Amino acid sequence: MRNALSLLVLTPAIGALLLGAVPNGAEALMRRLSLAVSLVPLAICVWIWSVFDTSRGDFQLVERVGWLPQFGASYMVGIDGISLLLIALTVVLTPIVLIAAAGSVHHRFKGYLVAMLMLESTMLGSLVAIDLLLFYVFWELMLVPMFLIIGIWGGERRVYASIKFLLFTMVGSLPMLAAIIYLAMQHGVGAGQVGNLSFALGDLYGTHLSPVAAQACFLAFFLAFAVKVPMFPLHTWLPDAHVEAPTGGSVILAGVLLKMGTYGFLRFALPLFPEAMVAASYWIGALAVIGIVYGALVAMVQPDMKKLVAYSSVSHLGFVMLGIVSLNTAGVEGAVYQMLNHGVSTGALFLLVGVVYERRHTRLIAEYGGLWKQLPVYAVCFLVVMLSSIGLPGLNGFVGEFLILLGAFRFNHALGAVAASGVVLGAAYMLWMYQRVMFGPVTNEKNLKLTDMTRRELATVLPLIALAFVMGVYPRPFFDVMRASVATTLAHASKATAARDLAAGNQPTAHAAAGASIRVRESPRHVVAEPEGGGAAAPAEDSAVPAAGNGEAH
Amino acid sequence: MHAAATEVTASLPIAVSYLRYIPLAPLVGVLFHVALGYRLGRRAVGLVACAAVAVSFALAAKAFLTVLGSAAGTVVTDNVYQWLSSGEFTANVTFSVDALSSVMIMVVTGVGFLIHLYSIGYMAHEEDYARFFAYLNLFTAAMLVLVLADNLPLMFVGWEGVGLCSYLLIGFWYTDPEKASAGKKAFLVNRIGDAGFVLGAFTIFWALVDLGQGSLTFATINARAAELPAWASLAGALLLFVGATGKSAQIPLYVWLPDAMAGPTPVSALIHAATMVTAGVYMVARLHGLFEAAPAALQVVGIVGAATALLAATIGIAQTDIKKVLAYSTVSQLGYMFLALGVGAYGAGIFHVMTHAFFKALLFLGAGSVIHGLHDEQDIRRMGGVAQKMPITHATFALGVLAIAGVPGLSGFFSKDEILASAYAGGHFGLWICGVLGASITAFYMTRLYVLTFRGKFRGDHHKWDHAHESPIQMTLPLMVLAALAVVGGYVGVPEVLGGNNAFAEYLAPSVGHHQLGLAAGTELMLMGISVAAALTGIGLAWVMYSKGPDADLILKNKLGGLYQQMREAYNIDAVYDALVVQPLMRASDALWHSVDVRVIDGVANGTAAAVNSAGEGWRRWSTGNVQHYMLTVLVGVAALILALTLSSLIGVAG
Amino acid sequence: MTQAINSGLPLIVACSWALLLIVVEMFSGDRRFVGVAWMGVIGLAVTAAMSVHYASVPAVYGNALALDGYAVYFNLLACTLGAAAMLLSIDYLGDAGIVRGEYYSLMFFAVIGVVIMAAATDLIVMFIGLETMSMAVYVLAGIRKSDLRSNEAALKYFLLGALASALLLYGVALLYTITGSTVLADVSKALSDTQHAGADHLVLLLATGLVLIGFGFKIAAVPFHLWAPDVYEGAPTTVTAFMATAVKAGGFAALMRTVLVALAPMRAELAPVLWGAAAVTMTLGNVVALRQTSLKRMLAYSSIAHTGYLLVGVTAGTNEAGSSVLFYLAAYGAMNIGAFGVMAALARRGRGCEKISDFSGLAQTHPAMACAMALFMLSLTGIPPLGGFVGKLYVFTAAMHAGLVWLVVIAALNSVVSAAYYLGVVRTMYFDNAPADVLPPARPYAAVVVAVAAVVTILLGVAPSPVLGSAARAFSKVLLG
Amino acid sequence: MIGTVHYLALSAVLFSIGAVGAVVRRNVIIIFMSIELMLNAANLAFVAGSNSLGSMNGQSIVFFVMTVAAAEAAVGLAVILALFRNRQTVAADEIALLKW
């Protein structure tokens, strides 16, 4: 399949348009159609995984079509290990959310399905885009469906939550647009002719920027991605967005959208501004650790279940950020793996909270109590998912957290130690919530009438639980896929990181060596190769990136 | 004069593939209970649960015999698959059995099997039968993984796995909020210890990477421990010891064990007496090379052990609940084990682990049988004379008491004496004195417990007395077997001076090194005499005081005054922790949420929005609708523009 | 000689066509003047075609008028926007109770005014073009004689327009006395040759300022913007549509030629002032729009904000910046025609739909219209991949190239503020539920225009190269040297 | 001897009188007349300029301006008339329906 990636991105969008044509009455047809449409990207992703060459760290299945030649921007897509894993997460979560939607969404059902499919399309787009401008396009487009999902199908304060979500993200992302343009321009200057800008990621790797400019651009990128992660001071939109979003919306928001921030750091901020990133790694690490402890502490006292899970996401993603800034193989691979874990376990947590919300229409922990006796199956599922989220060994959460702490400890003992306390706090608020909801006598008589999970609800949660077990016991396939890509990403910053590690007094970790060993054509111009013929021949005057040697597309 | 450096003979690995089924069998049991348990009824569940542990026991015995039979230092290993590898770090799922872990798996599966059998009777009338046995099997699997693991990460999987099971089992009767929060407390305190464990593992790992051989297998750690930089080995050892204190309930993380008595008694017997709590001791013994490389850490282990032994013993005296007394006795005995490790007598420590498993499991099960018989009566002040009603329980319990008190001829005497002798030989006189004192106090409170429960006449309400009856055969059989083991168990390690060849220490030598006492026969006998005397005085004193009834406590109360009340409330350490840690944490998180999140960050966000809005409102008012105001603005605009132009041209000219 | 006639021919044909319209209108019995409207549209098409055919680089009539690429681009832009406004008006006039045939000829004359302004290379010809356009639009604004608001809008527009022309004229007069000519090229040469010192320089600055103000008023730059909200709100919606798009384009055509050609030697002094004007206009436009409840008034302030973004391009002043302004005007025109088109389509006599709250729940009652409006709002915010985004991107890149980094950052942050009110409209349409008395179905003509505008907005976003290319070619020959 | 500067000064004075008149007076017609005054001030400047430059351009421009001013007067008065018919007032400050 020549342009698998474009197909992957466009199928959900086309499906959404098809769905638009379905008459409002036919709910069953809508359900089946939307599910079928969402399974196509899953199939494509499986095919890509089978074809993916794990030994190569650079981009594969690259497709390139001229879009804005005047700017040197082109529709250029490609994937490497990291984006493949996140794509897999997206294509797994979306069908689950669509199945769950049948039970939970009642008014304007068709609109919900259309919005969800459009959301999937834009998320996949931003994961495959390796042209900065194309990435920015999908990055902004992602906001619109999410804004609608929170705004139309959300809870009482949904309007405030959706506007807050939107403005927070936009405040972050627009300075990034300015930085992207500046970067593209600098590339033009670097390559001799002032005129020819280029947004292709491959070309921009080598751009040399004055230290001040590099810092400024890095800060702009940092702001955009930190809001999305969310990192400590910029996180207050998340609890509101989660509490007010419908169940499906929360699952996707927590499962995939939050990962865009951390993915952005790994794909763009780190390779484009290695020195700035390494220099900033200390204070970002500090912010991440504050986020971990702060998120855990505040989660402790939340009266509302969804808000508690939202703050736990702040804490978990604080771990991921700590892993990334540790800039050693263990930390970064742990971070990428934790991204997947968080998607699985927090996604499942939101589904489970949704199950109870559908029955009692309240998320307050005080309203529940002694559910184990009423809903044994529900309680067991909740237990397993909770354990995976607090990182019990044998389940997926542990693998990610262990590696992140390992890497972080290498980076800085103090940060590693405080982060380890985050693990304890994490267990504390989760167990306390679990106890108040599940254990103890049945306090509220309304809970006596609750029915256990239906087959549909089980169908949404069980795959995630199975995934949690598999990822906990046998994580090798996932690590094989991302090993080369992480090494390449770290290789970009290897010089600066080695200097930092030496300054910090411990030996330069092996990744510097490992980076070199991974077969990476280091010259910035040709990291991205073009397909032989290419789906649509790159337009002639696109002189920014001369067609490189052999193409990859199969 | 430190004991001779323990040399470890080179280990000769024998690759096998059956070790993996030891933890797998109980896991299969768990799956069975979860899937089919509720449908197939009690008999099937009980059968499968015991069968699973029996299979593990058989395989464990096979491994034990292979190690016993072959040359010293042989290690049976089973490399299943590579679990994790990222950068320099790799973790494999490899199970290995050497002398040390062979003893442990025999104890875990052996005592475990007996307790499973006992539980069938004890839990007969519980409706969540399948769930109980699912947890019990899961615990056995996790404990076996912990003991069989050949590297720290895999051990950590078992380590937290047993923590989870103790959480589930303590909170088994979840409808009662205290029991649920006792479970939570156990898990969280363990988690604090686990955090220390993990940090210790990292310290060692990265130190080893700097040495060029980054790996966390026990063999590598012990081998390269000496070459580690001093701070790394000390920090690593201490952090790992924090993990051990969490799991094995030593100061300061012992507060969860007494509350853990909220769980069913077989749970207390299996987890909080015989197996889980010894995990910390096993870990320190396993990593003896590391601890040796950091003598200061070893010192700390010894001191903490002795202190805990003494403290717990004093609390034990004043307890009135039968299970609480046994709980504090366990904490105290664990203190002894750590004391043994602290003085370098790893063999003696493990020997005490084994013997303690036998008689403490026996005592707990005996107590369970008494509680079962007296319809959940746990306060010893309302018992008495139970001997007539429950002869077998009385006999076995008495043997247990004698064993733990250290009466010569029984297993307790041999293991405890070896520890005290090693302490004395190692020159740790302070620790030795604590040990002896602790021994006599132990004898005192165990005899008090025995006398108040079994002797004299019944003090509870006669309704319970009429229905009191001996427990069924499934419960008394394990008691008798354990009693036999409690008596015979000691003869495996009879010291030379009493004509034995201390076979147990010899057997463990390849794993943890053999530690020669180097004492003259005379001094050794003299030490034995002193410890026996201490034990007998304790027994005699308690017998005399308590044979008349529980009011003997009053004598102690006015003799010790306020101290006695403190001992009764276990120096209310819980309240201290609550005030120092839990409450400030909750207040802090509440303050953080309201002040930082709501007021500061949201304040800033909403503030800017409000500022922009008010600016908008201000400028909006500017268009008043009156044409002449607009004209005025235009003309003012003209003036402003001209001014700006002149300024910019002046700056332009000057600039 | 033939050159002069050829360049002038399109204008001559256009004017005669407009006059013909008046005559035809007198005899047409049809109260809704559909025939007249179509004649107007055909007339605009003819004008546009002829101007493309007769395009010639050299200026004629004593180089007062140059039908060069730049003029042709604006000609096409003005004609299309004018035609769109006319088509929108066909249904709208009937609903709004305006039985005035001359509406279409007036609009035709206004387009002619814009064409003259774009083609003028002499200040006075530019002034005449400006006046022709303004005169027509004054009347158009007040066309609904019975409605107080329409009268008031016309009056305000007239008074302030007259004041601005007076200022402009006075500026031109002073400039004439200093440089001896009113032709842009000669003025520029005169300014660069002789060094004006002392008092003379002061008068020169005064003259430049006055000239800038004249055009600044027309494009509604701050502080000469106060008329725009009132007039946009008061005038009938289709006239507002025309004003917001074609009239503003004309204003920019004239401003750009003057600033970048005639006043080129004074670049150094003008740049900071333009920089300040751009920043203030953007910020004020966006911030006040936040507080508006009437959609028309909100779109007025939004058009002021977009003037600010365009001024960023003018401040940059490079070749690339000029063509980016041209492209942005096209994208901006399409978006606004669409937005006003939706309002015109749904308006009925008794029940106006000018308040934002009138649009609540539109997604359920009129899904197509709501989707189109949402599209225009997103494009105005600059959400990719729509025309608005590419326009902003082009202007920001050009400005960045010219070194105006901080202005671009301010513009970026302004887009965030604009997101608040644009998506506020989307929120009202999609989140709130429809009121009891549902809006009437959309008018056919208007719906077609809205659909075309939507398609153009998407095309300008996804495949903008053709328009980008023509904008670049159009502006390539404008700058001297 | 009266030179160009004096003429320009006169036109400037006329211009400012017109500007002040437009802002101060309440009656809309008077406002319009003051704007016409400003236009004529511009004409004066043109004539002065043309005289000082010795070229006839300035003079011819004045004719253009006059015709434009006439057209503007016609349209303006028509608008004012329509307004008066509806509102019976010509006071500028009463015409303030469209605001904020």
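Worth pointing out:
Here the chain labels run A, B, C and D in written order, and each chain numbers its own residues starting at 1.
The criterion applied here is as follows: a contact is a pair of C-beta atoms (placed from the backbone, for glycine too) under 8 Å apart; a residue touches a chain by one contact, two chains touch by 3 or more.
From a predicted model like this one, the values you see are computed outputs, not experimental measurements.
Innermost chain of the displayed assembly, by C-alpha centre distance to the whole-protein C-alpha centre, is A. Farthest chain from subunit D, judged by C-alpha centroids: B. Just to note, of C-D and A-C, the chains joined by more C-beta pairs in contact are C-D.
Subunit C and subunit D have Cα centroids separated by 26 Å.
Subunit A and subunit D have Cα centroids separated by 65 Å. Subunit A and subunit C have centres, each the mean of its CA atoms, that are 43 Å apart.
Centroid to centroid, with C-alpha atoms defining each point, subunit A and subunit B lie 38 Å apart. Residue positions of subunit C with contacts to 2 or more other chains are 155-156, 159, 163, 167, 229-230, 420. Residues of subunit A found to touch two or more other chains are 167. Within subunit D, the positions touching two or more other chains are listed as 22, 28, 31, 95, 97-99.
Pairs of chains meeting the touch criterion are A-B, A-C, B-C, B-D, C-D.
Those residues of subunit A that touch subunit B in the complex are listed here as 164, 167-168, 233-236, 239, 294, 297-302, 328-330, 333-334, 370, 372-373, 380, 387, 392-394, 398-399, 402-403, 405-407, 409-410, 416-417, 420-421, 423-424, 427-428, 431-432, 435, 438-441, 473-476, 479, 483, 506-507, 509-511, 514.
Looking at the complex, you find that subunit B touches subunit C at residues 609, 612-613, 615-617, 619-620, 622-623, 625, 627, 629-631, 633-634, 636-638, 640-642, 644-646, 648-649, 651-652. On subunit C, the positions that touch subunit A within their shared complex are 363-364, 378, 383-385, 389-390, 393-394, 396-397, 400-401, 405, 408-409, 412-413, 415-416, 419-420, 423-424, 426-427, 430-431, 462, 464-465, 468-469, 472. Note for the complex: subunit C touches subunit D at residues 124, 127-128, 131, 135, 138-139, 142, 145-146, 148-149, 151-156, 158-159, 162-163, 165-167, 169-170, 172-174, 176-177, 180-182, 229-231, 233-234. By the touch criterion given at the top, residues 67-71, 108, 111, 133, 136-137, 140-141, 143-144, 147-148, 151-152, 158-159, 162-163, 166-167, 170-171, 174-175, 177-178, 181-182, 184-185, 194, 197 of subunit A touch subunit C in their complex.
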